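Two complexes follow with chain A in common, the first pairing it with chain B and the second with chain C.
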Partner chain A sequence: MDKLKQELGLFFKDTQMDIPEADRLLVSVKKEQIISILKFLKGKGYDHLVLISCVDWFKEKEFELVYILTCYPEKGHIILKTRISRENAEFKTVIPIFKNAEPYERELHELFGINFAGHPRLTPLFLEREYKIPPFRKDFDTRKYVEEVFGPIPPVEETE
Partner chain B sequence: MRKRELEMFFGPQHLGMVGNLSITLQVEGDRILKAETNPGYLHRGFEKLMEYRSWIQNFPMVCRINVVEPDSMEMVYAMAVEKLAKIEVPERAHYIRSIYLELARVGSHLFGLWAYANMLGFDTVAQWAMYHRDLILDLFEELTGARVYHIYLWPGGVRRDFPEGFKDKIVNTLHSIGGCVPDYDSTFFNNRLFYERAKGIGRLTCEEAKELGAVGQVLRATGAKLDIRKIEPYAAYQDIDFAVPVREDGDTFSRIWVIRDEMIESVHMIFKLLDKMPQGEVYNKVPNPFKWKIPKGEAYVRVESSRGELGLYMVSNGGDKPYRAHFRTPSYTHGLVILEKLLKGASIADVGNIMISLYVVAPEIDR
Partner chain C sequence: MDRKDVKKWVKEPGKMGHKYSFWVVYFCTGCGIIEVPPVITSRWDAERFGIIPAATPRQANLFLITGYVSLKTLRPIIRTYEQMPEPKHTIGLGSCPINGGMYWDSYNTIKHLDKYMPIDGWIAGCMPRPEAIIVAITHLWTLIDKGMAKGYVRYREQYKYYRANQEKVLGRLEWPPLFPIKELKAQNG
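This part shows the complex of A and B:
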């Protein structure tokens, strides 16, 4: 991990890296660098894409995209993070590098409303209805939504 | 005769389909030209609901994500909370957790065997598998008070110690299940019908499997000896010696044989763990759950569930609830990427065959 950290620092400028504990590398980069860093890490043996996730930092008005990579026979994982704007969220697809990225990006498009340019099918995956705000964003209130769609929740009557 | 293309809906109400999943097939005659998986029949938005509940309240929530094996879900959640809050787990609790997870693995594999044998028409074997799974559920009932959703793990250990005489009960139950292995072999695993039906179907090479992100027994059936219990040992797995069953061919036949070998290996592991189990406390105290705040941070943890790598990425912003939780479930890539690839070119009769051998569990995809 230390070696990989040094190499990443050599090849890519402006990256923030941290090893909080053994076998775990956190990398925060600018959004333009993601594709080239993913290619670099894949070449270094980190060829198993575990997860693409997204965290909605509502107060900072940013989405944080998280790519987790592992190298299967070895211990440990890399968490690669980047921030994109919450307004008109858009990003590039990584399917050319990792084929199994397809459903993850589809899910993020549906639940967070991030548009992945170059994705072959950004069709609905789980949801049945249309939503004004994508439901996994922090400003989507589940209780309010339930009351609007299904009517108010009846109060619990206490019985003797 | 002229052939024409048809669109065919396979599932969720279909005899060959186990679980709430639907596949749209483009067929020409009996051949499948294109398959598209449509999940979403069980989408309950658990990851969103978890953001509204405190750290402890989430335990009954996470185990409901997967019906077949809820225990590994509890385990990843407990591990993630322990990692974020830096809680230690006593030695005996590690052993109890390992035994609990291996029992769950045997139960889950028997459930998978039930589904597979039933689909192939081996009804007798299917009923045996269901009966033997029920014996394991009886063990869980005595240990935790519940049959399916146990809610037994706890950050910092397990909720209670083994009841009196429980060790002998585990040994007796596993011996009675193990005694039936020759029957299973002669009626099912060494049966010519099973061989003819499964050999060469849904073949995946090792390179393809790695490229498409396969994990668990799908990957091990292609010859890759990779198991998270060996790579990144959790609970008490580093203390015992165990084999990782591997097959070379990567087809349906190999996948089912890997499941069989894993069950037998798990039973051996439980015996080894029971022999080595130390005495002592089973949980470390956690702060008052109603006021429990976990410092800012993020964690990714993973375990080897019965279907492969199961992970949880969790973020805390210093509050009393998770800020974001995202499960990486093995069925997700198996069901949405690999299944679509393997079905291309297969015949309609093999849809269930391939799907169940990949062990696609629909609630796990939808979450």
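This part shows the complex of A and C:
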């Protein structure tokens, strides 16, 4: 892991790297670098994309995309993090590098409203209804939505 | 057979036969289905009470909904219920179909299942023990004896209400109304 960290530092500048525990490498990069860094890591043997996830940083008005890669012979995990703007949530697709990114990106499109440019089909995946605000965003008011759609929840009196 | 029951058997043999032979559709919506295998196999052996899993909903007369109901599963639940021949009964297992349970503020889980289809009885708990299913069936026997387990009649009579609720959550339904809605307008006023 230390060797890989040094190589990444040589090839990609302005990256913050950290090893929180054994066989884990945490890399924060700019959003322009993500495609090239994924290609580089795939060449190094990290050829399995485990998951693409997203964190909504509401106060900072940013989405944080998290890519987790693993390598079976070395048993190491690399966690790539990048920030994109929240209001204009657009990003490039990584399907040309990792084919299995397709359902993850559809899921993020549906639940967070992120547009992935170049994705072949951004159609609904899980949800049955259409939502004005995608439901996993922090400004989606679940209680108000539940009262509108499913009817009010009767209050419960607590007795002792 | 209990000697006290002889009168009932002579009076209403069809009802008694129906009561002691429940063919059940176990709808595996959530975690509740994990309680069902011990019930139908040798540990609790529900077949002693005449409770057998049915192969298809068209041969069943008891519908057990085990666990939370998301919007996507509500659609097949309604379709399954409408396929079952009358007389039919429904039981909701667990606290999630009753009032949402731990999904009370979830955006994609329905809260009160009895708005969308008639329910004859609830088994509360998270999770209920497997014995609770057998206890619920014995309660259902009492309800049938008293003529109170009339969920399917309610569905037929109040179909307009149920259909409106279903369309409110699911949007447009692909299948036509099971019962004519126009006639019911006159009945309900």
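Worth a mention:
In the analysis below, the second predicted complex is superposed on the first by the 156 of 160 C-alpha atoms of A that agree within 3 Å, B and C clash if a C-alpha of one lies under 4 Å from a C-alpha of the other, contacts with A are read in each partner's own complex, and residues count from 1 in each chain.
We take it that a residue touches a chain if its C-beta (ideal position, glycine included) is under 8 Å from a C-beta of that chain, and two chains touch if they have at least 3 such contacts.
What you see is a predicted model, and the numbers here were worked out from it, not measured in a lab.
By the touch criterion stated above, A:127 is placed in contact with chain B and with chain C alike.
When the shared chain is aligned, no partner comes close enough to touch A:12: not chain B, not chain C.
Taking chain A as the reference chain, the count of touched residues is higher for B when chain B and chain C are set side by side. Of the two partner chains placed by superposition, chain B and chain C are both touched by A:135.
Legend: residue contacts after superposition of the two complexes on their common chain; A:150 is shown touching chain C, with no touch to chain B. Of the two partner chains placed by superposition, only chain B is touched by A:68; chain C is not. When both complexes are overlaid on chain A, the residue A:100 reaches chain B alone and has no touch with chain C. With both structures placed on the common chain, the touch criterion links A:79 to chain B but leaves chain C unconnected. On chain A, the surface touched by chain B in one complex and the surface touched by chain C in the other have residues 126-128, 135, 142 in common. Residues 70-72, 75, 99-100, 104-108, 110-112, 115, 168-171 of chain C touch chain A in their complex. By the touch criterion stated above, chain A contacts chain C in their complex at residues 126-129, 131, 135, 140, 142-143, 145-146, 149-151, 153-154. Within the complex formed with chain B, the residues of chain A that make contact are 23-24, 47-51, 53, 55-56, 66, 68, 72-77, 79, 98-100, 102-104, 124-128, 135-136, 142. The residues of chain B lying in touch with chain A in their complex are 39-40, 43, 45, 47-49, 52, 210-213, 224, 226, 231-232, 298, 300, 302, 309, 311, 313, 315, 323-324, 326, 328, 332-333, 336-337, 366.
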